[in-house]
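Below are two complexes that have chain A in common, paired first with chain B and then with chain C.
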Partner chain A sequence: MDMLQTSIDGLMIGSTYALLGLSFALVFGIMRRINLAFGACLLFGASLAIYLEPILGWGAWGLFFVTIVGVALASAYVERLCFAPHSKRHGAVTAMIASFAVWMQLDEISSQLLPQRTHAFQGIEVPNLWWGEVFVRGDQLLHFVIALVSILVLYLLLYKTRLGLLIRATADSPETAHLLGARVPWLGFIIFLLAGILGGLAAFMILSADGYVTPLFGLWSTFKGLIAMIIGGVGSLTGAVIGGLILGLVETHAGAVLGAEFRDMVTFGLVFLVLIIRPGGLMGVKIYRTDSLAQERV
Partner chain B sequence: MDMYLASVLTNMTLIAFLALSAYLVLVVGEVSFGQQAFFGIGAYITASATALAGAHVFWGLLAGAIGGASCALVLGLLTIRLSGIYFAISTLCFAELLRFFLLHLRFTQSVDGRIIGPDGPEGFSNIRWIFENNYQVTDFLLLAVTCLIILLIVLFSLERSPIMLGARMVGNDPILAQSQGLNPTRYRLSFITLSGAVAGFGGGLFALFNTHIEPAMFGVMLGIHGLAYAVIGGLGSAIGPLLGVFLDIGLLESIRSLAAYRMIIFGGLVALLLVFRPEGIISPRLVSHLKSRWRNRHV
Partner chain C sequence: MLEVRNLVKHFGGVRAVDGLDFKIQQGEVFGLIGPNGSGKSTTVNLVCGVFAPTDGEILLDGIDLGAIAPHNRVDAGVARTFQNIRLFSELTVWQNLWVAWRDQPGQEQGWVSNWFGRSPARRQEIQKLLEFSGLGDKADHLAGNLAFGEQRRLELARAMASKPKLILLDEPAAGMNSAEIKDLCQRVLAMKEMGMTVLLVEHVMELVMNVTDRITVLNFGKPIAQGTPIEIQNNKLVQEAYFGSAENAHGGVS
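Let's look at the complex of A and B:
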């Protein structure tokens, strides 16, 4: 019974990791770039929401919308300043370091907005569920559903619309897409906005489930997103979702069996093993073998 | 010299070792998020050697460098198939695992009535070498700068040798390098090992200077800073990373009056700088341009 309970908790947390992983996979899969400032954008959005909350007075839904808008704005800013100028093939490391500089900047702005170490973060109130002996937190169940719905919406966007077609064409080959008339730089901007919206959703869900924000949230969410992406297989969107769920399951089980202290280390150990034994992750094997991705410089 | 200035300069010198080690990995075309672990291992080994075993500081620092190099070699061998983002993330994981090991390392001893040695998350306190030998901050600065200059001389003589030329070639295009008869794997392994040695040595000096070290100091933020210094300064020459360190710590210390907002200003400035000089300040292109001008003048 404990196993079942832990697994359900893991899946609930894993669904938010899946969103973090998806944001990374969108940016890396399509633009071959790593946005180190991703977590800082999330922190910025959450800080802005808490800062504006007493002024606007919209309660939990206000936090929800301001967080998403704040993260999307920060993400767009990062794209303009750090990624748009370095769109050439060899600009990857430079873009990553520029995003690191902006990470520092956003961190500082967030700590100006929220001067204390921890701030309460209100969630949406939902009654909890008991299902025999299995307990499910109402808000986490709601988050799980929101995560599934947003993954579905992303899927429809990418596979059923013209914009999605353009994005997928760019992912396959930016040069060809450009020759066929796609506005590749503009698509990059759209992708960062999309990643920001997904990240904002994940940030709201994680923080309201925890009930508080600390300045460490930024680094933490960057790690989780990167790891979920790697476990699933770099560049694969399906992989990122599965990777996020696996990460949630592994973390909760490791935490239950070995204690909270070992939880993160089990994750890092797992990722290291995945990388050295099966570098393409779960889904990305084909990508790793056939694509030039594996040879590409970061 | 002013105590404060001297300690800022010493910190800059110590971080320069980390930046140079990140530079050595970047030269062979890889990005490492894990140099801070070798820095930390070096710090722990040097601290143990001098404070616990009572070894001479020279042997302590040498042991730190060798420790850093061997950890780096292990990482290099494990990740021999990986490159790009795969390599970068695996260095991050490796570094966090090493830090976890340090977090659980407990080996305390009582020396002269003081409890010293690594003590889990509390870290390693009472590294008293600097007091026992009556080193002032300025004396230590002199020691650290001397070590850095020796390292720079070694790197500059490397720069003129075929080794560095080969490494840069491997970094630019491994397949092309292979077709020219170079062995990319061997270059990668030896430069990663060398970078571990440099980081470990710097870590040893860091332990001696700080007199207290703890695993939390060697988190991933430290490593990314080192990496950023190398990229901002430029990969054209070993002076690049030093310039990066100088810009960051030097400028940050000089605008201390704006303490609360300095990262906001500075982060934006660095991002803007990279827009105008994407290959860093001293880029490989700038170096080769200067070299050719220098040659033309002396023909």
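Let's look at the complex of A and C:
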């Protein structure tokens, strides 16, 4: 029974990691870029939401919307400032370093918005469920459903619409897509906006489940997102979802069996193993092709 | 319809295109030939916007293409194929066409079918284009899995999918065997019959001489001759550019 309970907890947490991983995989899989300021964007959105909460007075739903909008705006800002000017082949490293600078900037803005170390972060009230012996937190179940729905919407957007087709064509060859009439610079902006929305959803879920936010949240979420993407397969969207779920399951099981202090050790051990046995991640069979594409990107 | 005036492109000290003038009439197949490095592909890249010209003008129906961003040149009416095949290999044949697709002017569909692409009339149009390209039964195959000749035909179809006023064919016969070249000749002539205007850059003389109406010959970025295929074949300057002159036939630079 404990195993089942732990697994359910792990899936609930894993679904939010899956969203973090998806944000990374969107940007890396399509743009071949790593956004180091990702966590800082999440922290900025959450800080903005807490800062505006007493002014707006919309409660938990206010936090929900402001977090998402805040993260999406920050993500769009990072794209315009760091990635759009360095979209050419040789710009990959420059853009990454520029995003590092913006990370510092967003961190600073966040700590100006939230001067104290810890701030309470209210969640949406949902009654908890008892299902026989198994306990499910109501808000986490809601988060799980929201995560599933957003993954489904992203899938439909990418695979069933023309916008998604243009995005996938751009991932395949940006230069050719550009010459065939796709607005590649504009598509890059959309990708970052989408990644921001997913990241904002994840930030709200994680923070409201924890009940508080600290300035360390930014770096923490960058780690979780990167790890989910690395386990699942670099640049693979499906892989990022699976990687996130695995990460959640492994963490909670390691915490339950070995104790909380071993949790991160087991996680990093898993990343280590994956990098040795399958350097491309579980779904990343095309790692070498991905690599060559990164070189080709213009 | 396409008018190129005093086109110049320098790469550092290299004068890839050095004062090129030509005009293409509506419905014409226009050939651009010349030895390797004579500036043919650069000209194509200038017209479709890969590079910006150092000097000169490119006018399409009187509109200056230089002022139009590359991704908007498709809407302005320019489409191209690539010397080295550049399909989206992870997408299906159908999707490759749909990426480049523009509705026939006057028959544009609403935004819903633009988003989802599901309008039956449009599906029929795309299917028709696939049949024309001999890919009718391959709509759902991944482009990367097609045979070489099929990939070339798909590139041609993809260029036609945007309903261009002008199609730029950049060495479409490269790597083809003689049967495939004959097939390509038929296709280009069929395109001409459908009223399309084509700028053909090619080395393979069998194709150029059979399908073009007029030809401009480039050497070192400059036009050295212009005329019908027959006139070009008998032009002394052209023969020299390709084969060297009689004086340095022995021991000259090959």
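Criterion: the second predicted complex is superposed on the first by the 286 of 298 C-alpha atoms of A that agree within 3 Å, B and C clash if a C-alpha of one lies under 4 Å from a C-alpha of the other, contacts with A are read in each partner's own complex, and residues count from 1 in each chain.
Keep this in mind: contacts are C-beta pairs under 8 Å (C-beta built on N, C-alpha and C of every residue); 3 or more make two chains touch, one makes a residue touch a chain.
On a predicted model such as this, the values are computed, not experimentally measured, just so you know.
On the superposed chain A, the two partners chain B and chain C both fit, without a clash. Put simply, the three-chain overlay gives an angle of 90° at chain A, taking C-alpha centres for chain B and chain C and rounding to the nearest 10. Of the two partner chains, chain B is the only one touched by A:36; chain C is not.
After overlaying the two complexes on the shared chain, residue contacts for A:85 are found with chain B alone; chain C is out of touch.
In the superposition on chain A, A:72 contacts neither chain B nor chain C.
Looking at the shared chain after the overlay, A:172 reaches chain C, while chain B stays out of its contact range. By the touch criterion defined above, A:28 lies against chain B but remains apart from chain C after alignment on the C-alpha atoms of chain A. With both complexes superposed, B is the one of chain B and chain C in contact with more chain A residues.
Of the two partner chains placed by the overlay, only chain B lies in contact with A:105; chain C stays clear of it.
By the touch criterion defined above, A:183 reaches chain C but does not reach chain B.
For the pair chain B and chain C, the least inter-chain C-alpha distance in the overlaid model is 15 Å.
On the chain A side of its complex with chain C, the touching residues are 160-163, 165-166, 168-169, 171-173, 176-184.
Put simply, chain C touches chain A in their complex at residues 48-50, 70-75, 79-80, 82, 86, 88-91, 95, 98-100, 102, 114-117, 158, 162. Those residues of chain B lying in contact with chain A across their complex are 26, 29, 31, 78-79, 81-90, 92-94, 96-97, 100, 174, 220-221, 224, 227-228, 231-232, 260-264, 266-268, 270-272, 274-275, 278-280. Within the complex formed with chain B, the residues of chain A that make contact are 28, 34, 36, 81-82, 85-86, 91, 93-94, 96-98, 100-109, 112, 219, 226, 230, 234, 264-265, 268-269, 271-272, 275-276, 279, 293-298.
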